[in-house]
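Before anything else, here is the set of structures, which you'll find just below.
Note that chain A is present in both complexes that follow, paired respectively with chain B and with chain C.
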Partner chain A sequence: MGIVLTVSCYIASFSPSIALFYSFIAHDPVRIILFFLGSFFWLVSLLISSLAWLGLSTVLPNTFLVSLGVCIVVQELSRVAYFMLLKKAQKGLNKITRHGQISVAPGVSDLHNARHMLALVCGLGMGVISALFYTMNAFATFAGPGTIGLPMALETGHIDSNRAGKYLPLCYVLSAILLTLFHVAWTIMVWDTCHKIGRFPTAFVPGAAAVVSHLFVAFLSSLNSRGFYILVFSVQFLVLLICIAYCNVIMGGTIQSFVTAIGQSFVDAFTLKQIRNFVEERKMRTQQRQAVPDEPMTERGGASDEPGTSNTVDA
Partner chain B sequence: MIFLVLTTTMGVVCYKKRLYKAITAYIIANSVSLLLVYAFFHFHNLAQACSIPMSVPSSVFLTFQFGGLGVLSLHWKAHRRLHQFYLVMLAALTALFLLKNLPDWTVWISIVAISIWDIVAVLTPCGPLKMLVETASRRGDNNFPAILYNSSSYVETPETPDTTRSHSTQLTEFSNSSNANLLQSDSLLTTPVLPRRTREVREVEGTIRLGMGDFVFYSLMLGNAAQTSPLTTVLACFLSNLVGLTITLPVVSLSQTALPALPFPLLIAALFYFSSHVALTPFTNLCSLTLILF
Partner chain C sequence: MKLWIVLILIIGGVQCDGFSDQVFKTLNIGEGNACYRTFNKTHEFGCQATKDNENGLIVRIDKHEDFKNLDSCWRSFYPSYSRKFWALVPVDLIRRDSISKLKSSECLAGIVLYNSNQTMHPDEKTTAASHDGDCPNAASDYYFQNNTEAYCERKFNSRGSITPDGLMRIDWRVQMIFINNSTDLDVIKRCHSMFNTPREDGSTGYPYCGMSFRMTNMAAGNSEICYRRGKNDAKLFQMNIDSGDAPQLCGAMHSDNIFAFPTPIPTTPFNDTHHSSKYMMVTSRMDSFGMIPEVSVGEVSVLTSIISVLAAARSMGDNIEKWKKASNVSNRNVFFSFFNGESLDYIGSGTAAYQMGKSMFPQSLREDRAHIHPVLLEELEYVLEVQQVGVAEGRKYYVHIDGDRYDQDRTPTDKIMDKIERGLRSHGFDLEKPSGSQRKVPPSSWHSFAKADSKVQAVLIAPFKEEYDYKRINSILDKNQWTSDEKEKAVQEIEAVATSILAASAEYVGLETDDVVAKVDKKLVSTLFECLITSNFWFDCDFMQKLDGGRYHKLFDSYGFNEKSTYISMETHTAFPTVLHWLTIFALGSDKETLNVKSEKSCSHLGQFQAMYTYTWQPSPYTGNFSCLKSAIVKKVMVSPAVDPSTPEEEMNTRYSTWMESVYIIENVNLYLMEDSSFEYTMLIISVISALLSMYAVSRCSEATFIVDEGEPAAEGGEPL
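Up next, the complex of A and B:
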């Protein structure tokens, strides 16, 4: 096992985030910076909550679940804080993107049009860093010697089906995937609430749904150690699907369009549509390059600005 | 520490008296020795640790390739990415050398001391770096002779004025020596001091220039964290370094003056390092060992 297991775990657990990163973030430096800032905000929230855990554990005897609740609340607060920071920094972002550099999503100047994209960026930042913190130590020990799940079976003489046993890396990978995608969804929901909270009285619904689902998922996962991990993971993935559908509704789609889009993407993956598109694009580009007529070496007239007549100027 | 002050002042004096050749010779000698000798010993240790037998001719050949390309790309023209890569390599090798030979506490004390020195040297009126900056701008002389990390802006349009300017200002900054505590008798070099560049952070026509000394100390701190603590701490320190730098750079570009780029990111990174030992890692371990999502 060893290093191969570690590398494969990393690839499996971070491939959704890498895919999202390359599609939306990697081409734009401002978004990369916002991504890292999102990670930093999550880190700060973890710092605060772990200090709170440290403080509480000296006072109360059994504080783990309470401090978990505190951690989740602080994470949501840090999301809100990031939103406020971004709102204040709107003018600064305007200045950067108007210099004629690579343009960000067609309206960073107006947080309206791009707020879901920014929410995706921030959520991905938080998701990636939380997944990393969750799994890095475990994956590092996977690289070492030993077989997962062996000692318990040796001791008791049979394989206990309630223990994660040899499926432990899979559990970590699934948890990491869940964490990444959940953070993206929660950020979109919470930012929608923050955006609309002044104007509509029912605007707190998405944010409340995010907090409730976060708490639910976290406390559900505490059942993992008792062995019900299949049940726990399936429920968590179901909740993730519901959250993503809700985000789609927030962004303006409907459940019907969501289902259609999922079906379409399965069909596309099956028919290798993306590869075909890519190949066709390359063909078209080379054809275009060959179709450009060679420029005559003679000078053109001065009035060659008229559109559509540049190819017919007399020598 | 005293070495640092001495060599900084000596360097500024040289610059004022227009002893350019001495400076360039010093820089070239330092970078060559770093790239060749330290790289050789580092890769040798790596090969030993991974149980890869390396014969002498092949290791000499590889070192010569690596070092030769490095010297070429640093002191002469090279592709921008290659230049940046070799600057990063320089900083990393310096930090590795420091880490191997200094005990833990010394590393921390030197980090703190150099942050303070950075603030003093750049901001106070009598600091040598401020004098350097002022004399340079007074003379209208943009060709500082030394090595700076030059990250042109991310615009990819072929702006020839920008690239030629960045070429001419590539060999510009000043090197000083750090490493006050290292004076081993069996040191490999005749001059056991290591190059450290001034830490000017300036923006010229959209390019941001960062001194090499900054990189050395970021690498030093990260290397120290990697040696002594689990990976999560390293990640936290890395991220806080990055974010500290992200906060510092726009401040510099907005105020258009040279600012010390060192203390702020190191401060946040140190904060996260110590708190991670105490609070973050135990809490995270508690959650992840029992597969509880947080």
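Up next, the complex of A and C:
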């Protein structure tokens, strides 16, 4: 394999995360802090899971399934813990982020109605670190000369027919992308439950959905070793779409608007709408500059009629 | 607090190896199993890892015809693979017609050598397998340095040498390792057969079994550069502030040499330099080498000759009173020298000659006490050496002398040769005395002394005349499967040569040669043959196990400590000097005067402040009972004056050996599965697509997508959770 492969794998795996980070987090120092705090909470959950695994392995002969269950529960609990921490800190955070005379950190985005944005930021932090932990050893291996499988093959006398072979890097990339986006979705769902904890029993639906989908996705991943890669990734992608759609509903949208937005995205993509918009915008600016040559630079462009200002996801 | 400490300890105890255990099958390669860099004054030789020769697909070369695949880089077998190969080659396929292909191949990353299962008899004449050159030690030859002969004029090893300069004098582009462990070898072969062997239809495909290995040398250039760079003042910025030492880049090849004096040398005041005695040095070399230097058993190059000298020494030790008496009367002494590094331009003998010239042999003079009289060059009359014993064609031996020196005073040398002839004839062997063309001495330790003194005479007993008959001198293949007949004949030869050594020595000191004086213990010769040659390791036989008595410890994970090796190495990393030292003490030591000594401590106390004698607490190889053996045996590390920092006036003087070794870092062999690298570019395209899609998808969202007014007053006030 080689360095090119490793770099390609990293770019492919973390492109969605980088795009989200660049669009919603990078410009805001508070969000950056919350992003890394999310990573920290996930690491703590991993540490606790590891210790539990270590302890269980001394007692039980086969601890895989139990450890997996414990690990998932601990991850979800860490999300809850993070929510509780933020809830305690939000008064202080509000003082920092509120625009106006009392703000101690001008330039940061305020927290008005931003619970889903906070969930996105913190969930992305968790997702990125979990994807990084999942992939970095494998990607480091891809930088070397070999791939996974020889010791086992020498032991058993035959090569595992279900191994991914040369497509193993692609499997890791897809898993990393799914894992990152799942963490964002699960955080939005769990935090929605935490936020609405008093509204029993409907409040528990998003949280339960997050835990169930997390367990289901983990179970599907374990089928990868049996060679059902295409099926597993297809089902996992479908589950991710359902989770995102559900998050869209949580954020005030509907399934219909979600489907419409996706359809519109495909249409726009095929008709190169964004490129056309970009060209037209440039043309308009040029014309305006020619019409008013001495006008000083002023802020242009109204925000109200631009696409993407609705409360639903366009894609 | 305690809980935290426990938690930290648990976390600290967890080890993570990443995926390496799922990717690599690791085979441990100890020190000495790989080819590394060596230097002389002008060149560097050996192997060095580079980016290009680290990884490769494993291929097998099992028979000579397989070398044709090397020309085509195995294209017909692996059409989709265009990188390098590690070739699994049995040592006996390293021949004249194959070595050039291995040297010049552009597609080889390295060579994995192993011993094939085929038996190799010393009688096999067809194959040249010596890893030495046509003219061993040609640059250090007395006649060449004395301008009486051109460089490499007499090609003693031309029948046996694989290349004219020898395999140790090649600067290889490839790396090389020797696998001696059959389990490791089986793993490599299995990996090859599972993934790299063509299927029934002749096709192959990914994944392939690959191998990586890395051996990094610290030094480069030649020994002069290395020596200069190794000085502390040249490495000021690399110096360890605490210890004041600079890291070592390379070192002079040096190891223990053994000198045994059966008859005591008189003690003398410090500044007394009169010539008190005359000496005959009975010598045999104790080193050889292979294309991977450490892998060199040296059965015929070294061991058979050493056994004959040891047998003679043992016989002398049994009748030591007679020998002492004769020496006292004649003022002539015989002593035994086992020189190390002789195959590399006479490191041991060159240093001994230098020390004799400086009155430092066998010990440096000390002003604070009476000491033994140093053996001076002027006092050394004969160097009697035996070589390549045990592989004579028929029953004929030859004696080699230097004609010019012989002509100056023929009588004593004639008498010695007569005694040698009688000794050999007593066992049914003939001796051909030197005639015209034979009046120059073949490569031997004498050359070192001849360069330093114009009178010292050579007497070399060997089974060859003008060229070596044995074709595996200094070779990995100097390790034979002896048939019982061959073994019996070899033992007879050793016995005959030992008898002739005794006869010549007796003649020199003026002792009447009778049945007692010249009687060699045939049983001892057979036992030593079994233990040193037939056995797989030095301490496998009962005789050597008893001699060991639990004293031998494998100090390093090196080839020389785990296998039979007679290579000199840079830092005494082989067991052989210790083995030979103990055998020499057994041969010449005596407990007659120390019967009352009952402990190791008391024995070692006896040796304090002794100039001549050493006292060694050693078991008998027959009974295993320890006793305190008194002997005059010196085990001495000899560093060639040309590369010894303590002799700056001789720095890089080519009269002496300039061989040095690089310090190296050796890594383990890793076997792994190789996948088709073309997928790299597919992944690159996928990554670009992924990035574009991500940008597009995220660009469809905005801050407002995630900031939703749900009509909650607290959220609108800035406390959304």
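Structural remarks
What we mean here is this: the second predicted complex is superposed on the first by the 234 of 315 C-alpha atoms of A that agree within 3 Å, B and C clash if a C-alpha of one lies under 4 Å from a C-alpha of the other, contacts with A are read in each partner's own complex, and residues count from 1 in each chain.
We take it that contacts are C-beta pairs under 8 Å (C-beta built on N, C-alpha and C of every residue); 3 or more make two chains touch, one makes a residue touch a chain.
All figures in this text were calculated on a predicted structure; none of them were measured in a lab.
Contact with neither chain B nor chain C is seen for A:Gly263 once the two complexes are overlaid on the shared chain.
By the touch criterion defined above, A:Ser175 reaches chain B but does not reach chain C. Applying the stated contact rule after C-alpha superposition, one finds that A:Ala19 touches chain C and leaves chain B untouched.
Using the contact criterion defined above for the overlaid structures, shared-chain residue A:Gln90 touches chain C, although it does not reach chain B.
Partner contacting the larger number of chain A residues, of chain B and chain C: C. Residue contacts after overlaying the shared chain place A:Thr147 against chain C, while chain B stays out of touching range.
Looking at the shared chain after the overlay, A:Trp53 reaches chain B, while chain C stays out of its contact range.
By the document's definition of touching, of the two partners only chain C reaches A:His195; chain B does not.
Looking at chain A, you'll find residues 47, 50-51, 54, 137-138, 140 touch chain B in one structure and chain C in the other. Interface of chain A with chain C (complex): residues 1-2, 4-5, 7-9, 11-13, 15-16, 18-20, 22-24, 47, 50-51, 54, 83, 86-87, 90-91, 94, 97-98, 109-118, 120, 137-138, 140-141, 144-154, 157-159, 165-170, 173, 177, 191, 194-195, 251-252, 261, 265, 269, 274, 306, 308-315.
Within the complex formed with chain B, the residues of chain A that make contact are 29, 33, 36-37, 39-40, 43, 46-47, 49-51, 53-54, 64, 67-68, 71-72, 75, 92, 100-102, 129-130, 132-138, 140, 164, 171-172, 175, 178-179, 217-218, 221-222, 224-225, 229, 236. Only residues 7, 10-11, 14, 18-25, 55, 187, 190-191, 194-195, 206-207, 209-210, 212, 670-677, 679-681, 683-684, 686-688, 690-691, 693-710, 712, 715-721 of chain C touch chain A when the two sit together in their complex.
Partner chain A is touched in their complex by these residues of chain B: 153-156, 230-232, 235-236, 239-240, 242-243, 246, 250, 272, 275, 278-280, 282-288, 290-294.
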